[in-house]
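By letter and in written order, the chains are A, B, C and D; residue numbering begins at 1 in each of them.
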Amino acid sequence: MDQDKAKEILESAPFHKFLGLSFDEYESGRVVINAPFRQEMIVNNEYDIMHGGILASLLDIAGHYAVLSQAGDRVPTANFRIDYLNAASGTETKAIGDVVRVGSNLAVANAELRQQKDGEWQTVAIGRGSYSVSHIE
Amino acid sequence: MDQDKAKEILESAPFHKFLGLSFDEYESGRVVINAPFRQEMIVNNEYDIMHGGILASLLDIAGHYAVLSQAGDRVPTANFRIDYLNAASGTETKAIGDVVRVGSNLAVANAELRQQKDGEWQTVAIGRGSYSVSHIE
Amino acid sequence: MDQDKAKEILESAPFHKFLGLSFDEYESGRVVINAPFRQEMIVNNEYDIMHGGILASLLDIAGHYAVLSQAGDRVPTANFRIDYLNAASGTETKAIGDVVRVGSNLAVANAELRQQKDGEWQTVAIGRGSYSVSHIE
Amino acid sequence: MDQDKAKEILESAPFHKFLGLSFDEYESGRVVINAPFRQEMIVNNEYDIMHGGILASLLDIAGHYAVLSQAGDRVPTANFRIDYLNAASGTETKAIGDVVRVGSNLAVANAELRQQKDGEWQTVAIGRGSYSVSHIE
């Protein structure tokens, strides 16, 4: 899928619009997606911690678009695994997706979330997913 | 955690409020959470398909509260796996969480999402997660 | 795959022969496999603990044959997750596989390992895997 | 754990002896383990394909020793996930483990298996695991 079409889908899906997503990078096999902070992303007001479900969503989306950049129009997620490494706070998040392999039935992609903490980009969560590429039309 | 406190957290966290969550059941080791449909949950307007990130969020939340019902005040998700079984549509979703085991450091829980299709409750996604219980205060 | 053919493969593959596997049950969508203990399965001589890799192998095999019982001749594992629940000891292990869903590309199966402890069958590990069924010949 | 002690455990555990493991590299946070081929590792004689359970075992062991190199004496695997990328054949396998993070309760490590095909090292499987480090004595 070319970047214009990917951008159109990224920016038009209702849940993506809620998340406010945009591409920082889009190349074959690798994407970086920007997710600005919004208050509804928080799980714990007191500690300003971002909800794990938001993080899972951003990881899956990053992996998904990394696969889309190499493999057609529809690549539904078959399964996904997330490891939470550090508490994510209420701030802008970068979601990076990298293709590991595109097979005839399944593609595998890695994803990573980064946030700035004390001026440095820190990894807050990592994920890996399988995407069904045999659905390609 | 008792049901009143769990209910208070379930209903006050900003992302939970976005999702409109409430308990259908809350007992030791098992919860059923109701998530009404809202338009922002959709990934594909044309086919009315719910976003995988919403499903991942609901699964994680169900597992999380199942563990909370048996294991203290803070049980952050350490890692999670989701298997998408059937396309989820724009309709009410039930998220069921069941504790598998609460250990001294980690708890493991299963989660399942169901939606009504043609009058029957169908499983659309399943998940399994590990939760850090040694953070208990 | 019918039981005779499944039995033939289960008992002839070199690694299966090392593990000494046999079917306790084989029906559509569910299998129970018996793995007798042998000394090479141990990771820690002092505490008589079975190696996690043996447990992972048994879980994958159970899920694999559960899928085979419903879905053709070749269903290679695409991915797998294992949760270790209790230390497994040097004793006979039962590996149970249950199909969750057979789709057009992927099948999902659950697996569980049980060992007798103090006269009761206890679950020592659980797994869930995706198997490529579009490879069916 | 220092390399001498790690080497002693790697080479003395019965299942490790069956696998014939030895260290190619052992440094803080990263290990490379060599697994020579033996006939019992095969699942399919006709196609000379290595059993997925052997691959799962090697991945888990690589992650485990990567964590051990940074985090004490006992770090039992809590859960593990494997993605099979390419069929592994009956030949020597390198298992690489890399620590992602060592937390106060859990460590996360990546693992990768490589085999030579047509003179090049190819990745045949990847894994990621969580290890309980709060058991440290």
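We adopt the following convention: a residue touches a chain if its C-beta (ideal position, glycine included) is under 8 Å from a C-beta of that chain, and two chains touch if they have at least 3 such contacts.
Here the structure is a predicted model, which means the values were calculated and not measured.
C-beta contact counts were set side by side for B-C and A-B; A-B has more. Sharing over half of its contact pairs with B-D by residue number, the repeated interface among C-D, A-C or A-D is A-C. Separating the centre of chain A from that of chain B, both taken as means of CA atoms, is a distance of 20 Å. Centroids of chain A and chain C (each the mean of its C-alpha atoms) stand 33 Å apart.
With centres set at the average Cα position, the gap from chain B to chain C is 28 Å. Multi-chain contact residues of chain C, defined as those touching 2 or more other chains: 78-79, 81, 83, 108, 130.
For chain B in complex with chain C, the residues that touch the partner chain are 81, 83, 85-86, 100-101, 103, 108, 126, 128, 130.
Chain contact summary for the complex, chain A toward chain B: residues 12-18, 39-45, 51-54, 56-58, 60-61, 64, 76-84, 87. Note for the complex: chain C touches chain A at residues 78-79, 81, 105-106, 108, 130, 132, 134-135.
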